[in-house]
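In this document, chain identifiers A, B, C and D correspond to the written order of the chains, with residue numbering beginning at 1 in each.
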Amino acid sequence: MTVKQFFKSNAFKSLAVLLAIVIIAGGLLAIFNDLLFVSDEERFNRTIEKIYGGSATVEETLTITDENGTFDKGAVSAAYKMSDGNYLIHSSGKGGYGGDVYLWVVVIAENGKFGGIEKVLLDTSDGETLLGNFRDSFYENFTKHNDELVEGKYFGTSGSDVINNVVTGTTLSSNAMCNAVNTAIDFFKSAVLGEEVVSYTYLYEKYVDMTQTTIERDFAANSVTLRIVMQANGIAPSIAFDVTVKDGAITAFEATKPFVQQYDETKIDESLRNGTYFVGKTAEEIAAALPDGETLDPAKLEGLGLATGASRSSESFFRAAAFATANFEAFFAPENLTYASYVDFEQSTFTWNYTEGNEVKMHIVMQANGIAPSIAFDVTVKDGAITAFEATKPFVQQYDETKIDESLRNGTYFVGKTLEEIAAALPDGETLDPAKLGGLGLATGASRSSESFFRAAAFALSNYTFYLTGGEQA
Amino acid sequence: MNKYVKTAVDGLITNNATFKLVLGTCATLALTTSAINGVGMGLSVTAVLLLSNVVISLLRKVIPNTVRIPAFIVIIATMVTILRMALDKFLPDLYDSMGVFLPLIVVNCIILGRAEAFASKQPVLDSAIDGVATGLGFTAALTIMGVIRELLGSGSFFGIQLWDFKIGFFTSSAGAFFVYGMCIALFTLISNRVEYAHRARKARELRVPAEGPLDAPGISAKEEA
Amino acid sequence: MKFLLLQPVQWAQVGIVIGIFAAISVLLTVCILLVAKFCKTNADEKMEKILENLAGANCGGCGCTGCAGFAAKLCKGEATLADCHVTGDDKKEEIAKILGVTVEASKPTVSVCRCAGGKNAADKFVYSGAQDCAEEAKLDGGAKACKYGCLGDGNCERVCPESAISLPEGCACVDPDRCTSCGACIRACPKDLFMRIPADAKVYVACANHDRGKAVMDVCSVGCIACGKCAKVCPSGAIAMVDNLPVINYDLCTKCGKCAEACPRHTIQTRY
Amino acid sequence: MLGTIITIIVAALFSQNFILVKFLGICPFLGVSKKTSSSVSMGIAVTLVMVLATLVTYPLYEYILVPLKIEYLEIIFFIFIIAALVQMLEKIIEKLSPSLYQTMGIYLPLITTNCAILGVAELVIGSGFYADIGLAAAADMNLWFALLYALFAGLGFTLAMVLMGGMRERIEKLPIAKCMKGFPITMVAACFMAMAFYVFTLI
């Protein structure tokens, strides 16, 4: 094969041609990639162009930190104050099909107060094939509920007090859409207006110091005894109340002593202090005294035959009563129990064994926890202590047995533990610090699944009394 | 019919890429959950197919047979990527609606299929016509399936909600298979009917006896009797 | 369209990309060539070109397993182009050029069933076995008294890709419009009753019984009794009596239809 | 370690089956699965290409593309490598069994654009992959897990092909309407198989 022949041969020709094609292609690609690179800044101008069509420019760019930018249902990556006074927020919502959904939300800021949503535009949403501007009408109905938004309601796909069926068409990422818009609203309220935004499970929870408040539920008697500790209300100090509500009406209401020495007794009407005024009142009557749901109109006090003055403290009285009565059903809803946010209530069952008296058998099914699959536990609690704790099989084959400690799996670790000891492992009530596992003498690793273990145990112990009366008969 | 019209009709109807050659099934099954996706994907494929057929048929004599597949695929992939970059830079709103399909096209079997079967053997003009015809045939097929699945699956037509009676089966992938199978069956049925009619007409033309339709002695005698 | 600011090109990046891409392509091409060298199949150039021109339907009409087999036979000269009925005429010219053989433009043909018995033919016994001509033919040639006749179990109907064959009165009948003359029925019929005739043929002999007239009359009311009237009346002498059956030479036939009229038993049938 | 391997095998073969759950690589699945013999050989060919492709693309991505920050070229490099492998495969198959080469026909070059192979190459380098197969962190991911996943993804592909091949052989014998023969009835069969495999996405 002489050299000349080699150059003519098919082998060399194919090598040369392919090399030529590849070099040209590679060159073109690299050059065009640099040439046509769309910088973020240009992309941002394009979005502004699309939303405002040139009518407004960016006045000020807000700094986004990890602390003010992340929320439980989504996150905010950028926010700008526009020349027309409104705020343009780039927020993402979790739970989209195959990834988060990113939205540009224009929030109306009328003279420093939240005024609703002016426009919503899809930025990109990985995993969503075509939600582009073909269906702009898709986002209009986000802007049609401003009055409800001002009241404090949020967008959602389920639940009573949310604005739902806002999103039609693809239901897959509709909750991601709502999460993104809600996140933008929360960000606007917290970062821009400085309001303290915390999502509440109960009504009037804003005024109650939940950490010290205890709720005793008696399912059989359908009554709740609460020890409500109110937050300080302006100059009025924090007041504590012992309230029992039966069948939705207050049966006992007594302001415990601590408030007296800080305040002048004569200013507060006798019937308020010993609670006789509230006895027998239902949620509607109390709510009537708090027209806008929070402030007590002093003038109304005469109308109710009460001594005027000390309106801030009496306001706390009314708020406590409202808190106790308005949430009466909510207290009995299992989702609002302590440590209950990760339990899958559809599949869980709780049976109360009559013969043994105070023994409750719980089959608790935990929701999936990040990548850890949903795990089911069979727990029996007798006289307030765990007597048997066993993780049923389903979780094993998806997960590596060696990662979870033997004593956790067969439950021996939890037997006999008190609620305090278990609660100690969950500092903020829900996350298990992997490092602590070592401290408790357990194999580290597989922290997500072990977290479900601890949560289930904590739930079982803390709600033993509730299910003692509330669970089905065995 | 002259050559070009025949290629066009071939690409569009007779051997339609989706229903007859059954190529590009991944895109067909995945993207026909809504009609708009079908149209968007179809038009993007048509554009890319036209470009790639022309370029490949220009180079068909140069590329030796031993390395034809890598060569073709590099050409197609580079073209799609540069098209995507250009679209993103100069026509952003078109990119928003079409852009999401372009990376999918590189993996689409139709482009390489037509390049391999047709463009690498035919002159440029034929390849171009074939590219456009196959692309439009693909768009039509995807739109039809998109409409069916969207109408039955999510009760809307091109995004406009008509009724909220939804059959989940049709938006699922098992449903995609089913609808695709039924469309092919319908297509085969129709094309068979058309072909029989065409063949019967051709056979009848043949059957006219040499001297002319009626003056043959045998036939006239019999009719009078 | 307002001119957008184009970003500067970093040439270092371009160099890297080209370098890697080129390296990979050289490496892969060398591998491809090595593999090609090892797997040098002995397919010579001619066979490949023929295969490209054949229709590639692998229908088996030519009696080979697929087009590849047919192409091999063509190269060795064991098969003629006429065997393949699916490839278009223009393609056949190209193959003929490659093979250096001349191919006469073969006229389109259709298949026809040389029997019209069915209900008109008597049965020797009642057959209630498998609905399959080949099975029935094993039982002393089948239930029909006439051992040449069609048994009416429909093997041909099932095998015809164009479903051109139907069995109106228990006897196979080919619809000329649908038949693509692929030869599947010819292979399927155990009695070998199917025959290819020119597509424009007007008349054909619907009987394959070689016995004398008397024997035919006992078994079938429409069988050919070899009276020879058709041969005498044919003005162009296209019909010759061979072994008690008329054989029509379609090149001479002027489609006058006289033979069909003359036949006392209507064995010679007309198509239109 | 053992748990990860079991997860990979179960995931690649059943719960994340490339054809019937992820719906990638449908063209050869419908085109070549007429007989179980041709589907087995197609399956093995695809598995071979998958393993070889991952062997080349995984290190290419980890050690060349990422450090040089030219990930945007990733798709083109991957497809180029797969195309070259398929070109070699074509020569090998043409040598080993011409009849198989004839039955695969146009579907052999189409392995290149087969979404399953590119799917494996892309998935293996994906960010979320280490979690799918039960590893604690991305650092634990290495070439062996990738190759193992590619191998079993290919076997899952072959499994689905053989299942379909077997079913189609039986279907050929059934008296079906003429227009339903061929692809339509295969699609209906695939629809039922998809429903059957749908259960894996639920657990």
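The working rule: a residue touches a chain if its C-beta (ideal position, glycine included) is under 8 Å from a C-beta of that chain, and two chains touch if they have at least 3 such contacts.
Note that the structure is predicted; figures quoted are calculated from it, not measured.
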| item | value |
| --- | --- |
| Set of chains whose contacts include both subunit C and subunit B | A, D |
| Most distant chain from subunit B, judged by the mean position of its C-alpha atoms | A |
| Cα-centroid distance, subunit A relative to subunit D, in whole angstrom | 41 |
| Where subunit A and subunit C are represented by their mean Cα positions, the distance between them in whole Å | 74 |
| Whole-Å gap separating subunit B and subunit D, where each centre is the average of the chain's CA atoms | 25 |
| Residue numbers of subunit C (touch at least two other chains) | 4, 13, 16-17, 20-21, 24-25, 28-29, 32-33, 36 |
| Where subunit D touches two or more other chains at once, by residue number | 70, 72-73, 76, 80, 84, 87, 178 |
| Contacts with two or more other chains, residues of subunit A listed in rising order | 11, 14-15, 18, 22, 25-26, 29-30, 33, 36 |
| Touching residues on subunit C, where the partner in the complex is subunit D | 13, 16-17, 20-21, 24-25, 28-29, 31-32, 35-36, 38-41, 43, 56, 58, 65-68, 163 |
| Subunit D - residues contacting subunit B, complex | 23-27, 30-31, 72, 75-76, 79-80, 83-84, 86-87, 90, 106, 109-110, 112-115, 118, 177-180, 182-188, 190-192, 194-195, 198 |
| Partner subunit B, residues of subunit C touching it in the complex | 1, 4, 25, 28-29, 32-33, 36, 108, 110, 176-178, 180, 199-200, 202, 254-258, 261, 271-272 |
| Interfacial residue positions of subunit B with respect to subunit D in the complex | 22-26, 29-30, 66-70, 72-74, 77-78, 81, 103, 106-109, 111-113, 116-117, 172-178, 180-182, 184-186, 188-189, 192 |
| Of subunit D, residues touching subunit C in the complex | 60, 64, 68, 70, 73, 77, 80-81, 84, 87-88, 91-92, 94-96, 98-99, 102, 105, 178 |
